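In what comes next, chain A is part of two complexes: it sits with chain B in the first one and with chain C in the second one.
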Partner chain A sequence: MKGGAGGRRLVLAIVLVLTLFVVIAPVSVVLVEGLSRGVGAFFGALGEEDTLAAIRLSIVTALVVVPINTLFGIAAAWSIAKFTFPGRKLLLSVIELPFSVSPIVAGIAYLFVYGGQGLLGPFLEEHDIKIMFALPGIILASTFVTAPFVARELIPLMQLQGNDDEEAAATLGARGFQIFRRVTLPNIRWGLVYGIILCNARVLGEFGAVSIVSGTIRGETNTLPLQIELLYHDYNTAGAFAAASVLTLVALLTLAAKVALEAKVGRGQAGR
Partner chain B sequence: MKDGGRVLPGLRLSLGLTLFYAGLIICLPLAMLIIVGARLGPAEYWAVVSSPRAVASYRVTLLSAFAATAFNAVYGFLLAWALVRYEFPGRRLLDAIVDLPFALPTAVAGIALSGLFAKNGWFGAPLGAIGIKVAYTPLGIAIAMAFTSLPFVVRTLQPVLEELDGAIEEAAATLGARPLQIFRRVVLPVVVPALLAGVSLAFARSLGEFGAVIFIAGNQPFVSEITALVAYIRVEEYDYPAAAAIATVMLATAFVLLVAINALQAYARRHEALR
Partner chain C sequence: MRRLSLLTAAAFVALGLASASAAEPDKILNASYDVSRELFVAVNKAFVEAHQKAGGQAIKIDQSHAGSSKQARAILEGLKADVVTFNQFTDVQTLADKGFVAADWQKKFPNDASPYYSLPVFLVRAGNPKGIKDWNDLVRDDVKIVLPNPKTSGNARYSYLAATAYAKEAFGNDDAKVEAFVKKLLSNVPVFDTGGRAATTTFVEREVGDVLLTFEAETSGIRKEFGADKFDVVVPSVSLLADFPVAVVEKVTEKRGSTKIATDYLNFLYTPEGQTILAENGNRVRDPAVAEKFADKFPKVRLVTVDEVFGGWAAVNKQQFGADGVLDRLLAGS
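Our next item is the complex of A and B:
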């Protein structure tokens, strides 16, 4: 726009000041509050038994959920990007549905499947299987919330690359998994890594859905974000911000990985 | 693509796995939610979703989301504009920073904002001195929503602004148009569909936001209680049918917005293709 250098400077100043206040300040306050009492106090707060248990639980959850959603994402992308079949668009919408559903709604929905009064409640009780207010419930709710991450990265990437290479490999006698490993995977690997990193970050940070299904039992079913809430409401500000700093560092690492991967994949793919 | 199904292997396996997963993980819980909500019967369902406390929560949620989205429409537009049109040191860093609200867990955003706006916080202290209270008010809710939904507006606008041809603006300027005129007559018409799509995404996200909001909201019924929290409290009280009813209201709202957003995005793409 020919607003001249003055207009440009004004817009830029507004943008930078707002970003400082709206985005940078909240992130900084977490790190400052978390680390202001010194590194010793920081690790001391993290070393508390319940917080350690929460960190462990969050890691276990991620270790289960991320592979499940990676496998699902690859399968979904392979079927949707490489083939045409009736209902393909509908399936795509269903896969993206978790992004539009409030995590609270997701958590409540899971209660009605696996909870005591839920669809499978009587069956689960009879066989003494505990899903709600236990690790399996946390895993299921986290799986729902992060379902679209890998698929959404891979589908446009695979569609863009077309089927020619895979078809050539098939004609030359390559078998299914061989084709995927040797031909498709090298083409999509950075998009795949990116989707996995996003999925992981979201699993570690999920709050609403997990807060419904976890039962928030101290030291047992509290994930790290739930532990942050608990510490905060216990007026243990130092502990809450120390725990929050850990998740903030994960977020910053995720962003760094995003920037690095964007250089490899190209903006359009890893941008959204 | 056309004959892919005949040559490539793996359709049955991958589609089977996908359908199984989508059915079990995504569709079954949402279907159960709707069924439990429907089991209430029309009269009782209506009594729950139209109870004064629920209606007050709709008002708080909608108004806060509206304020947050209006703010982000302006701020997000300026941010996207600066990122696309201006060269300045730190532009790439700023571009990366835009994603921070997505990357940061909502609970972390929640305690960060409530720390900032607490009575003795970085922002809370000076604002308190001039008599503005943010924590425990709908204003605080709006700020939390604005934080978490900002990237939607920026990321939806960026590609459209990148394709916007500066030459038309220059032509308009040469013909004597003033900067604001150029903005209104040349830039805005092209950008509006994408802006609306981004704004709707941000609005939808704000309506469903929970973690970032509840720390700063104070959660006072009728004043600063969002709908997601009302549903959450019903669960804590073991009033599952009522929780289901309120959750279905949220789900239905999300569906309506989703359809609107898809239509807007399709329109935006057509609009782009025509140019």
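Our next item is the complex of A and C:
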């Protein structure tokens, strides 16, 4: 790299200042504001029935979505990294689509398919199947938005590792699933954990897509991020910040887990 | 341990969902606008008690809150709301046009199906340092106004129309003078936020501007949260009546068998008890006795309506807010 020590210092300074103003200051404010009216008020705000229900809903959503996307991610990464087949590049792009599509577009797209005026709307209505404005819709939207997280972590890792270990196992007489369980999975486990952590954080934090399909029924279809918005609009600043600090805490835990993972396996393995 | 509690939570919610879907209409959903949560928490509690006292079965009222246009859209897309309590006439009309709400919904409840109302007022800083009394103070060079963008905020549309209505009276319908007045007023707005809540933040927390234009009903929430001693409410000489229309979403209730309970619920808003709760939350009410009781909370003001001044919402939407409408022209020039 060109440029002397002065140039490097300048870049470093810019990065530090940006980090301070863009990341550290807002995050600290959330935690400080959340606790500003005392610990009692903090837990009082969190213990409010609707906020508790929102926390529960977010957890349930994560409990469903994270396993789905973990299985999907492993399967997708396995097929893309270990085999060549026509349309492989296309599949890769499709998997990454949710990264580049705005979540609100995803939400609206689901409405166009499953909403009352949508493609399947009349059929669903006739058979009394509720997808939009209920748990299935929230799960669908969250699944879409977080679909690439696990796959994205695993694909480069699996490609890097190549097929040598698997081929050796096959030579020694191992069969398909056995190879996967005894050879592939141990090789990718830290990348997998890392992907799951990211996926989980994103599910809990998802706002845009869920906001479209949730119907925002308080105590029923409000996820934690939606509840935060609701409290904020209600001039319930203390409640909003208390709820927001729960999400912030999740983010910090995610960060801690990420750092711990990277320390454990070294930068090369835990993904970038 | 963590895992166990997660599973418990999951089971808990699953149970809740199961019991919800199996039940008869022992609960109904009220889809409402975004800042009415606490109001309807109070209303619902009172209704549930009154309903049981009158011999009705146990009932739960669920609440959904978002911008009322978004709510109307969600109902069209399948949100199973039994009743709507909106702050925009046009959003109920949208539902009526699509057959979700009776075509004559305004006739189904008293006062054109609007159990309470409010009006754009001025929220100024404590002691009213700029001496803002009426709409003509808002065009002074030394006054900075905080107002969301009337293009995106229903709240701001009312303020904008109220200012126009004042100017129409002041200048005897001389269109050029009316437009010059409103244009000057808009030019005193340093920045247009997209919604009412963002405008409140600008005024209260960023301390921008001398006056915030918003509904009277909103000012009580703002003063409660940010300090009653920090702001004064100024009610201008004339303002625009803002209805809060309600309707039964018959397409939903007929299927669920909840039409009666939904109707009872909306009628409750007209009872002295319902009206009292509405008034306590900063809304002006129709019941004369209740209105009398809260008279000192709501200064007398002359109100004009969209029908009187602008010939109805359909006309005003086209003339003022449509593409190439008056608002576009005024904003482009300011």
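Observations
Please note the rule applied: the second predicted complex is superposed on the first by the 246 of 272 C-alpha atoms of A that agree within 3 Å, B and C clash if a C-alpha of one lies under 4 Å from a C-alpha of the other, contacts with A are read in each partner's own complex, and residues count from 1 in each chain.
Convention: contacts are C-beta pairs under 8 Å (C-beta built on N, C-alpha and C of every residue); 3 or more make two chains touch, one makes a residue touch a chain.
Values in this document were obtained by computation on a predicted structure and should not be read as measured data.
Once the two complexes are laid over each other on the shared chain, residue contacts for A:E166 go to chain B alone; chain C is not touched. When both complexes are overlaid on chain A, the residue A:R56 reaches chain C alone and has no touch with chain B. In the superposition on chain A, contact is made by A:Y235 with chain C only, not with chain B. When the two structures are aligned on the shared chain, A:G118 is found in touch with chain B and with chain C. After superposition on the shared chain, chain A has more residues touched by B, the comparison being chain B against chain C. In the superposition on chain A, A:I217 makes contact with chain C only, while chain B stays out of contact range. The contact surfaces that chain B and chain C form on chain A in the two complexes overlap at residues 111, 115, 117-118, 232, 237.
Within the complex formed with chain C, the residues of chain A that make contact are 56-57, 59-60, 63, 111, 114-118, 121, 124-125, 130, 132-133, 135, 215-221, 230, 232-237. Partner chain A is touched in their complex by these residues of chain C: 6, 9-10, 12-14, 17, 20, 29, 34-35, 37-38, 62-66, 74, 76-80, 197, 200, 221-222, 224-226. Residues 1-4, 7-8, 11-12, 14-16, 18-19, 21-27, 29-30, 33, 71-72, 74-76, 78-80, 82-85, 91, 94-95, 97-98, 100-113, 115, 117-119, 140, 143-144, 147, 162-163, 166-167, 170-171, 175-176, 179-180, 201, 204-208, 211-212, 225-226, 228-229, 232, 237, 240-241, 244, 247-248, 251-252, 254-255, 258-259, 268, 271-272 of chain A touch chain B in their complex. Taken in their complex, chain B has these residues touching chain A: 1-2, 4-5, 7-11, 13-15, 17-19, 21-22, 25-30, 32-33, 35-36, 75, 78-79, 81-82, 85-86, 88, 92, 94, 96-101, 103-116, 121-123, 146-147, 150, 155, 158-159, 169-170, 173, 179, 182-183, 187, 204, 207-211, 215, 228, 231-232, 235, 240, 243-244, 247, 250-251, 254-255, 257-258.
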